[in-house]
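Remarks on the structure that follows.
By letter and in written order, the chains are A, B, C and D; residue numbering begins at 1 in each of them.
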Amino acid sequence: MIVTFDIIILVFLVIAAIISLSVKDLLAAAMIFGIYGFLICLLWAEMGAVDVAFTEATVGAGVSTVLIVATILNTRRKSTD
Amino acid sequence: MKAKIFASIAVAITGAVLLYAVTDFPRFGDPRSPANAGIGGGSPSASLYYIENTYRDTKVPNLVTAILADYRGYDTMFETVVILTAGMSIFAILRVLRRDDASGAPDPAPASSDPSIDGDHHRIIVGTTCRIAAPLIQIFALYVVAHGHHSPGGGFQGGVMLGASFILIALSGSLRDTLVRFGEQQYLRLAFIGILIYAGFGFLPLWVGRNFLDYGALSGLLMTSGEEMARSHSMLGVEIGVAMTVMSIMFAIFANLSTRGRLRGGL
Amino acid sequence: MQPFFQEAVIPHFNFWIYVIIMMVGLWSVIAKNNLIKKLIGLSIFQTAILLLYVSLGVKEGATIPVLDHHALTESSPTESSEGPGKKAHAINPDHYANPLPHVLMLTAIVVGVATLGVALALTQMIYKDFGTIEEDEVLNQIKALHDDV
Amino acid sequence: MSDHYPALVLLAPLFGALVIGLFGLRDHRVCLPVVISALGVSLLAAISLVLGVSSGGPIDYFVAGWKEPIGIGIQLRADAINTPLLVVIAIVALLAGIFSIRPAAERDSEKTPYFYVLFLLLCVGLFGITITADAFNVFVLIEVTALSSYGLVAIGHSKRGKVAAFHYLIMGTVGASFYLLGVGYLYLKLGSLNMQDIHAILASDDALADSRAIRTAFVFILVGIWTKMAFFPLHGWLPNAYSYSPSGSAALLAPLVTKVSVYVMVRMMVSVFGLDRLEANVEWGHFVVWLAIIAIAAGSTMALAQREIKKMLCCLIVAEVGYMVGGAWLGDPQRWGLTGTVFHILADALMTSCLFLAAGIFAKWLGALKLEDLSGLFRKMPLTAAGFVVGGLAIIGVPPTCGFYSKFYLIRGCIESGQWTYVVALLASSLVNAVLFFRIFEIAYFGKKTADSHGGDHGQDHESEPIVRLEPPLHTLIPLLVAAALLVLLGLFNGPVVEFIRTGLIETDAVVSTGR
């Protein structure tokens, strides 16, 4: 565990979460959600939870984003909020 | 607007309660905190027991794999069942079976289809690259499943990667070609067989009078040198079951979501 | 303010951030109108709980919870001759992160993606039936449906 | 095999689901025999557990044999509180399974196997939640239950069912996450996930048990479980989710899912936090009982306003959840309130099952969705009507049925703890139930087809409308009649059941409180 690294990632994490929830373009929101997933994966790795990081990288950042994108392409891309 | 005010109030209350509790927490990173070292006195905490005795009990150096597949294997079995349940739920909700197709009202067309993204000339490069990458991903995924005892990895990670390799092929080329090779009947069957492997490994010890999931009882069947090695080998078997289910369901979820349950066309 | 930070915030930094992320997620689950936005909020809400669990398993100066092969090979002879009591001293628990929260969170991640998949399937069906994924429009249509009957 | 009943109870439906998945997805005829045999095995195992517990006390089962030190493996525990519930779950699921063989997915029968796979997985989850003694395991199984119920709610073609399922999903996930958060706080302060272990630590250390983190943990676990059981301010998802789901799903979900959540709350109170601890904080108990009174009032009021049968029954569930939560928190020293709650869980599961089976028959064979559509029910379907009447009488609380006795024990608990407002709420709500159901009975018995034909019901019968017997086929009728018969039987034999539960409760409390 490296404290500075920890704090930097945590701050980015909050920023990524807020941006992904506030952009109006859903595809962009999904992509930033993917970034959020990768950041949190880094955070797990940094905290020593390598197995969780591995799972997060494949599930959280990979498959979740693909599923959201698949749904957006089948519905609509614009959001009112 | 009403929802926003309500949300702000709910969030404020919840956050206040959570922060009220946070000040009572042990220091971040404290090796002597109750979660890490137990409450002191009485029996040792589970966490310490795992770190000290896992290798003796199971001969598996990766503690997470050992706990996941053996000590708390019951949880993991239901975790796999959760995946299966999700797959079945998505089928129940989304899958369009045969004759319904014509009778239903026409769908509203996806509003976001953007013709400029499409274009076959992109597909050649992307498709070829993905076709080359897919087998490598699959080999690595198998390695992750098999090597989960000694390094990070295991059934879930490997299974998701295997599923992702099929998703990649489907994304780069066409879903139809992927479904020809890995069809609906096959992946559904694999998903159920995966859980059957897990539950089967759990069920076998019952015949020799041991408890459910007690892999130590399988040392005779697996012809291993002792109960520890039987646990180690059974964990591998269990992880393979998990990987099969996770792979199939991940691909099934993608295939259904990307085609609105029709398994035709694709993104 | 200074002592408050030193006593309440700095030692629990991860926990403060987890509360913030969780509240961001919860707020958007309740307040957002778009169904997919709600689901992204829900996923963020769930990862905040993972952050809590993983944070409480961290030990200062500890490594990942995979046992060191050298330590194991050196200690294995003593184990066979002198029994498990001796072995307990060969591995120092302070050197390895607490593996139990990691195991629990692997389960929670998988549960999260399963829930997300089902929710996205429902979203597609709602779009098919109502032609929109904005919650207020869906509710208005339902109201109109109800008034007709 | 006899030692393995705690595991067999839920393994049987799991293997059943796998068999349907492997052999039954193309062939519907496999489904029903598999469902019946799987749940039959569960029922037998559950009955054996009841017998075992009544003769030899609680049965512990250590999965994978990890017994010592406590808490490294996962423990299953069958005791007097959960074994009767296991039996009731098996019975209700069996009835719903037989009932839904055709209505399962009316319009596309290709989905029937998927329905049954989800059905059995839901049963696995419910059995698992009931029998486990590990706080985290409860979360995993709650999610198995939840994900299968989202599928079961949305499997039909109702447009509103999809929206209802989406709301259910959001609420359910937030509720389960709150539960997980609470368990995380417990783990953080105590380092254990095993319920007995947690209880022993809390009982031995008062300062720790009163610390802020533990209190917060308890609050979050409660709020999470309340969301799952649709306790009043958090009930929003329930009425739509259950009334727009297919009849077969509703007959399984409505009786069981909320009741099992109530059971989780009771389990948390009895075997995790300990009743003494709760009694030490009397003001919490009073607060929750007041919430329960509000829930009962709100549920009854909403039920009065409904014109649709299923919606009305759903609102009654909200009121019934209020009974159970209130009863559990009465805190009388003789444990009558808690006993009444546990007994009411059983009784209410059967009552709701009976009523929803009847509502399913009305919807399927009469096309009746509103109260007015039931006119002439007694002439068209005398047997179905009889079953429905028994269910209605039970929920009102008329003596030979079990509804009367559960309310009797709840009220006894109130009197001993002096919570008179709760007694008033209980009685007023019973009165509302009576009004509701006698209104339905009136419509069903004297119901007139047209509003202006006053007088001469008999004349109308003979002249304008020939009596058509529309009694539904046996596979739907039998479950209803069995449920009705069980309501009466459970009422007649309430004595031993209540005694079994109450001694179990007092023993659990006494054994665990003496420390580790």
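Basically, a contact is a pair of C-beta atoms (placed from the backbone, for glycine too) under 8 Å apart; a residue touches a chain by one contact, two chains touch by 3 or more.
Because the structure is a prediction, the values reported are computed rather than measured.
Visitor: Counting hops between chains that touch, how far apart are chain A and chain B?
Guide: 1
Visitor: Name whichever of C-D and A-C has more C-beta pairs touching across its two chains.
Guide: Result: the pair with more contacts is A-C.
Visitor: Centre to centre, using CA atoms, which chain is the farthest one from chain A?
Guide: D
Visitor: Quick one: report the Å distance separating chain A from chain C, using the average Cα coordinate of each chain.
Guide: 12
Visitor: Express in whole angstrom the distance between the two chain centres, defined as the mean CA positions of chain C and chain D.
Guide: From the centre of chain C to the centre of chain D is 29 Å.
Visitor: Between chain B and chain C, what's the gap in Å when you average each chain's C-alpha atoms?
Guide: 15
Visitor: Measure off the straight-line distance from the CA centroid of chain B to the CA centroid of chain D, and report it in whole Å.
Guide: Computed from C-alpha means, the inter-chain centre distance equals 30 Å.
Visitor: Residues of chain C that contact two or more other chains, please.
Guide: As it turns out, chain C has residues touching two or more other chains at 13-14, 20, 26, 33, 55-58, 60-62, 64-66, 100-102, 104, 106-107, 110-111, 114-115, 117-118, 120, 122-125, 127.
Visitor: Could you say which residues in chain D touch two or more other chains, in rising order?
Guide: 136, 140, 143, 147, 150-151, 154, 162, 165, 187-188, 193
Visitor: Which parts of chain B, given as residue numbers and ranges, touch two or more other chains?
Guide: 18, 23, 25-26, 29, 33, 35-37, 46-47, 50, 62, 64, 68, 72, 75, 79, 82, 85-86, 89-90, 93, 152, 156, 253, 257, 260, in rising order.
Visitor: Using the contact rule from the top, write out all pairs of chains that touch.
Guide: The set of touching chain pairs is A-B, A-C, B-C, B-D, C-D.
Visitor: Along chain D, where are the residues that touch chain C in the complex?
Guide: On the chain D side, the touching residues are 136, 139-140, 143, 146-147, 150-151, 154, 159-160, 162-163, 165-166, 169-170, 173-174, 177, 180-181, 184, 187-188, 193.
Visitor: Along chain C, where are the residues that touch chain D in the complex?
Guide: Result: residues 26, 29, 35, 38, 42, 45-46, 49, 52-53, 56, 100-101, 104, 107-108, 111, 114-115, 118-119, 122-123, 125-126, 129-130, 138-139, 142, 145 of chain C touch chain D.
Visitor: Note which residues of chain C are touching chain B in the complex, please.
Guide: Residues of chain C touching chain B: 8, 11-16, 19-20, 22-23, 26-27, 30-31, 33, 55-62, 64-69, 72, 79, 84, 87-88, 91, 93-94, 96, 98-104, 106-107, 110-111, 114-115, 117-118, 120-122, 124-125, 127-128, 131.
Visitor: Enumerate the contact residues on chain A facing chain C in the complex.
Guide: Those in contact with chain C are residues 1, 6-7, 10, 13-14, 17-18, 20-21, 26, 29-30, 33, 36, 40, 43-44, 47-52, 55-56, 59-60, 63-64, 67-68, 70-72, 74-76, 79-81.
Visitor: Can you check the complex and tell me which residues of chain B touch chain A?
Guide: So the residues of chain B touching chain A come out as 29, 62, 64-65, 68, 110-113, 144, 152-154, 156-157, 160-161, 163-164, 167, 171, 250, 253-254, 257-258, 260, 267.
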